[in-house]
């Protein structure tokens, strides 16, 4: 009886996949990722997957890191925080990742963050919200600009134009809700008052009603739409159809070619802060982001036949930061890599210049990471600042 | 007043798209008593096919027709490949088959078309029409017009044609219909095919306004289901009424009160209606079908 | 459909060994106990225990849901909302109002049970898809409140939850969690077997057959339906609360429509009106996606296909089909 059972046990153990032990120096460096490749945030997660896939392959073609090959394992969390948590566990315990890059959304990142803290594995998040790095978590880093920075950048531009009363319209998804909160927090700093505050669900297909309400308030001098995905393009179209004359601002959440395609001519005159990668070709050669951004852009375009988005750029920077930290650490020892990441200084990424420190695990400043652009003739044009 | 009219126009346009999805639910329900959770994905397939056929250089009108036909074929295929082989399964098993089919269709769309959002130009341009202080895009008129056209065509089909009457007979009593010499198998294929066709029509007419994406069917399926139950399952009038009520509630809530809870208000409304009218607005009373 | 497989060992008939082995009360419970005891021997590490723990949580919820769907024949498309609400109640009370863990857990269960009790009467009057719609609506309202009230729930991005503390002891270790939840699953299973085989259970099964007949035979239909509805909602809330503690984080999608569908699929895939089926269904649908990741972009396509094929070829569910097969072989 027992004999009969043995193969069954062996098979189930094999199926569950009890991992082998022992790490030698010529073992590959294991990079793990959990990304929202499908689901409501696939708009962000898909370019991130493409970016990591492409550049890890390229690094390997060029001899890897520390003479070791990079091995990449990714999972699709479909934008669900609980899935993300399980995959993070899998990456840590099963795949024994040396470093993890991922967490497309803030929810996915926060669901997994505590795990990286507890298990002491370096983790670079691709999520936007401030909460990821505030308060600082020892093992958690991130590459995207925060939504607070985006709000500040937009409000600074409004202030310059003498705008003081605005209507805010945002989505109720994670990105929009967090952006809305930050916009309310920092508006005062720029003497801006949010006199209308409208929301819509991320799946809504028409925001005419909300915009009509904003238009009905005579005090409003400008409209600010904080969200990502397709909804801001609908807002832009509805805004143009309604013939609203007020200036329209978008957030960095629409910073992709997709927005230009969807919104079409309605987007003329829209202003927004964007990652340098989006305007790489327009940047002067003296700009420190010009070189890395062009390199990323050209490689990505050659492979996928489309221009990369800012979201892909976040994962590019995360990968390059990880590689840089591992090289400086001289090993994949988690503590050493973490310390090296934290000591990152003057690193020129495509999102900006990173200067990390014990109390700053993002390390971006507004000046290097955001460029204010206006949409003219169907494309981005840099605003002089 | 202009504001009210604006919300009204917006609500009716959104409502029409919900109504078209609800009509698809209705067709399938009548024929097979199945709630087809892949109905929203027919809409997605219609829109996405149209966009991609057009991008390959096919003239718009031909692309639209092809996309609609693809939707119809997909509907018939769902019946042939998923529902018919399950033979005598109960309603709940059939529903899960449609859930599986929805995931499958979405998965295929993800692989073929990726995760981006796509748009296409309005059938007759995108220059907004202004009238009495109300603004609407010409495509809204198409949405409303096509919905009215489809409802009329369906009404004529079910009351004036032999085939339509055969479908109705099958929905009332499949065994009796069989005895009367109606090819009920064919009727079922036809109903699913029509539902796919209808979904694809909804997809192509709304894409210029709402854009399309491989996952857009999730939300549309849910709203369409809500609209069809609200109106009373199996009732075509009910499906249209349900869709319009849902669309108008959303627009009026967003316009007059706040958007934060507009979806929740729609669901409260549905609960209240069901509490007082347990078979929806136009559903047959006292007939237990499930 | 609830027929042979769950048939209790009747007193009048001579019981043979097969009836005992295949009875949910003896065979089922013994097998479950063995599997639960043996599993920790074969798994190790954070991740494998995580999957095992998720299976236990889902199985407990699904058993209770099966009482409602499989036995009482009332489809709920909003059950995840009870799970989520239980989780959020616990999360909010412990982190924002510093309540002790167990008290918060209990409060979540009471809150959800109360909502279910109040809503039971008008909702359970409805039939078939209308009932499904009403539960869906109730679930969506709860879900939307959770996503909207950011100040309380953290909104769409979710919120962190502290660890479970029981009498000064903090439950952190995966193995401890495993035993706690395994114990709960056993209790739930035992409870469900007793309910199913009690007069109440027979009344429930009568409901699934024909309500009018049940009514005529003097069974108080409304009463029992309400009871099962409240019970299944309460169990979902309890498990939701424990899930929040265990994972240290809770997000709105735990209360969402897709999660509700997933729970119902677990019931049907495992086998309606089969308690062992509920456990198998929960395990299958929890573990399956973990293997499907090898398909990468094709993951959802394959998942949908498997769902369809299983329902086409095993409409009665996994366990009843298998059970029927074994019985036929044994004669």
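Each chain gets a letter, A, B and C, in the order it is written, and its residues are counted from 1.
FYI, a contact is a pair of C-beta atoms (placed from the backbone, for glycine too) under 8 Å apart; a residue touches a chain by one contact, two chains touch by 3 or more.
Not measured: the values here are computed from a predicted model.
Looking at the partners of chain A and chain B together, the chains they share are C.
Looking at which of B-C and A-C shares more C-beta pairs in contact, the answer is the pair B-C. Centroid to centroid, with C-alpha atoms defining each point, chain A and chain C lie 36 Å apart.
One inter-chain figure worth recording: chain B and chain C are separated by 32 Å, centre to centre, where each centre is the mean of the chain's CA atoms. Shared interface positions of chain B, defined as residues touching 2 or more other chains, are 110, 260, 263.
In chain A, the residues touching two or more other chains are 37-38, 172.
For chain C, the set of residues touching two or more other chains reads 148, 297, 299-300.
Touching chain A in their complex are the following residues of chain C: 42-48, 50-51, 54, 147-148, 150, 155-158, 160, 247-249, 251, 253-254, 290, 293, 296-297, 299-300.
Chain B contributes residues 35, 82, 85-86, 88-94, 96-97, 99-108, 110-111, 218, 222, 225-226, 229, 233, 260-261, 263-264, 267-268, 270-271, 274-275, 278-280, 283, 288-290 to its touches with chain C in the complex.
Of all residues in chain A, only 37-40, 42-43, 45-46, 172, 198-201, 203-210, 212-213, 216, 229-230, 233-234, 241-243, 258, 261-262, 264 touch chain B in the complex they form. Against chain C, the residues of chain A that register as touching in their complex are 9, 12-13, 16, 18-19, 37-38, 75-76, 79-82, 85-86, 89-90, 92-94, 105-107, 110-111, 114-115, 119, 129, 131, 172-174, 177-178, 181. By the touch rule above, chain B contacts chain A in their complex via residues 3, 6-7, 10-11, 13-14, 17, 110, 114-119, 126, 128, 130, 135-137, 206, 209-211, 213, 215-216, 219, 250-252, 254-255, 258-260, 262-263.
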